[in-house]
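Have a look at this one.
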Amino acid sequence: MFKPEELVIKKLDKNFYAGGKCINALAQVDFTVGRGEFVNLIGPSGCGKSTLLRCIAGFEKPTSGRVSLDGREITGPGVERMMVFQSFEQLFPWFTVLENIMFALKVTGMGASRAERREIARTYVAMVGLTGFDDFYPHQLSGGMKQRVAIARALSVRPRILLMDEPFGSLDALTRLTLQEELIRIWEETGVTILFVTHNIEEAIMLGDRIVVFETNPGRIKEILPNPLARPRSPEAKEFNLIWEQIHALLGFKNPEQMRAEKKVAKLFRGERELSCLTNL
Amino acid sequence: MRRSVLLLLCLTLITGGLMLPQVYGAPMEEIKIAGQFGLVYAPLTVAKERKIFERYGLKPVWKEYGSGGAVREALISGEVDVGFMGIPPFLIGWDKGCEWKIVCGFVIVPIGLVTNDPNIKSLKDFKPEDKIAVPSPGSIQHILLAMAAEKELGSPTALDNNIVAMPHPDGAAALISKKGIKAHFTTPPYLFEELSQPGCHLVIDDVTIFGHPFNFNVGVAPQRFYDRRPVVYSSFINAIGEAMAWINNNKEAAAKLLAPEFGLTPEKTLEYLNWEGMNYTAAPYGLMGFGEFMAKAGYIQRAPASVAEIAFDNVLAIIGSRAGSPSELERIQY
Amino acid sequence: MVKAREEKTERKKTLNQVLFIIGALLGWELMAWTGWFPPLLFPKMSQVLIHLWAGLSGGELLARVAFSLYIIGLGLSLAVVTAALVTTGAMLSPLISDWVQALMAVLHPLPGIAILPVIILWLGTGSRSIVAVIWFSSLWPLIANLHTGLRSVPTTQIEVGRNLGLKGSQLVRSILLPGAFPYILTGLRVGWARAWQASVAAEMVFGASGGEGGLGWFIYKKRFFLEIPSVFAGMILIILIGLLVERLCFEEVERRTVRRWGMTAE
């Protein structure tokens, strides 16, 4: 790798026990993420990609194997690994936009005074393009705005790595595209490492330096694809389509010819393409 | 055809006759009577069991209430024709404008203030935190306590902050188990039960406070009942008199009859009926004394000027009106 | 714009309600004037208001209200503390949680006043027993709401808290409690209403203890002295205090918190 290794996942196994049965959610997951890298995790539902993210965040303990950041083993949640969730409920409804960020700053001991924390929070609100919404309560914001605040809050505590669990999964197609662009800009501005779970092929190609494709039962890595496309990326580009087809095939769709035909139609309606992917996955 | 009709008519007459065996000719007049439960109301139980009211052509409807307040409210709202209550609750109603009067005296029973604290010898020994249970504010027990407080402590309200309201059985249980209260102003049979408990003793009794015996309860009826149904009224007086006389003359039989009602043995019931001071009488005693005290202490606006204001003519006739100095019966009303 | 219109309809609604109440009071007064009912049982409204004023200016009613509020405050605070302890226990141990739920299923439907006879036997009469009845009446709605409230806090919010390094009591204080606040508020509301009812009912059943009775005792005493206008005055005061606490206290807190935050306990 051209970048120094930061996150190392070694022979990770994760079993869940439910109703007397053992479910092997992750088996022998092995990969590393470099500093400042943007890695996408993609796979069908139940492939364990979210579980992997939760193991890295420290919310789940691996059954065996290890996860380490900068050589230190991860044993629990930590502020250097901030998670952004899919749920719109991740903001604290009793705090305004600014207070949500200031709260994160306060409990992590950042900013010497309230005034200073306010100033820091303001810069992050500006970074996600929400200047003017400082004093709005979460219930007054749209879904996209809420996710922006969540990203701002996660970034405000200066994590080494941002763990994003389908953060745009509940947004409409148009908002999703805008936020993808914004996320790339923010990533470039801050240099933070991003691990991004999605089940949308196009989103994975738009965002990541590398795309980790998972398969299911047990959840394991099928293939790690490099994504060398130059940014800004366009779905119109030929290479884009090539990677799209590659992932599509990796995800196990049997009739690429037919899918390609569908894709051409769908190209006219970007949003609907996603729908076809979603229903097929 | 005609025969079958005749047959039917015969059958109807026969069954009709069978269904009305108790009729003595005159139609039965309904009278609604309110009372409470307990030894005090023994004449009502006797009248009920021995069907005394029926002999006088009355069809009594018995209504039992949980407190004197409820009896009084039943009378005010016209739910019942006659009720029994202490003189003070009657006077409070009279003072507030109830058009009712005393029909008869009811019973005389010993009433007393019992304490479970051997250190309490007189009213002066009650500390501010010592609770004294009475059945309710404004009850005869409360007014007697106020009278005693005026005599011994100088002010009728001296013990008002000590009182708690409790129905007799609860008060007795609390006194005997020494839970929360120091004393209980009560009536038979609770008075007897409490006094037979070790550690409980009498602080003061009714006759010491009032000076002579008085009706613990009186019969009360609205003026309109007296005016509109004089025959029923007089039948009631006679019937209740017969019930009382029967108890006084047949204590043993009465005890047997009453025992299951009170959940006591006949022997115990007889002991209670024969307790010193028990007197089932319809004669008026002490009708006026309470009024004067209550007016002075501020429980009512004014005292009745004469017995005529608070009692019907049959009661006035018993008391009489002696020319010259008042008679014994007149004097005993104060 | 919308807000202004909403406020206008709100004001209109309040006005309608106030007019209705005034109308009802006038209707009452007229009914009393007709003399169809015994005045002793159905006093004139004007008479009631005069007694209310006399009671208030004479200081007796105020003392009664103060005592009622004091005793309710005491019982309710004890219930809040108990509910907090019980819920903490239930959160720490599934076994305790099962017990609490079983207890709640059995005891929640029992009106507080129903335990009065037992309470009298155990604690005797007096304010201690009334406090116990108030405590019992308000405890169950408090526990039920606290329990549901804590469960209603989204897992993601708790995980965000853990992600930020919060643990144990910090997590409870800064995330679980505010998250459960809509339910806590509902619990306090129901608890307060039941405490108020319990205190009045308990005092009316066993008449408290003379000097230190509350409004229930006031009504009880006035009933026995047949001062029916005062009985009504006491009732009106109970209604007024209930309304005041609801309007000035709970609704205001709700407006400033739950409604402002867009959080509603369904």
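Here the chain labels run A, B and C in written order, and each chain numbers its own residues starting at 1.
As a convention for this text, a contact is a pair of C-beta atoms (placed from the backbone, for glycine too) under 8 Å apart; a residue touches a chain by one contact, two chains touch by 3 or more.
This structure is a prediction, so every number in the text was calculated from the model and none was measured.
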| item | value |
| --- | --- |
| Chain separated most widely from chain C, comparing mean CA positions | A |
| Interface ranked first by C-beta contact pairs | B-C |
| Most central chain, Cα average position | C |
| Separation of chain B from chain C, taking each centre as the mean of its C-alpha atoms, in whole Å | 40 |
| Rounded Å distance, chain A centre to chain C centre (Cα mean) | 48 |
| Separation of mean Cα positions, chain B and chain A [Å, integer] | 87 |
| Interfacial residue positions of chain A with respect to chain C in the complex | 57, 59, 77-79, 81-83, 85, 87, 89-90, 92-94, 103-104, 107-108, 137-140, 157 |
| In the complex, chain B residues that touch chain C | 69, 72-73, 76-77, 89, 92-93, 96-98, 131, 133, 136-139, 160-166, 170, 173-174, 177, 179-181, 299 |
| Chain C residues within the chain B interface of the complex | 38-41, 120-121, 123-126, 129, 206-212, 220-221, 223-227 |
| Residues of chain C defined as touching chain A within the complex | 154, 156-157, 159-166, 170, 174-175, 178-179, 181, 257, 260-263 |
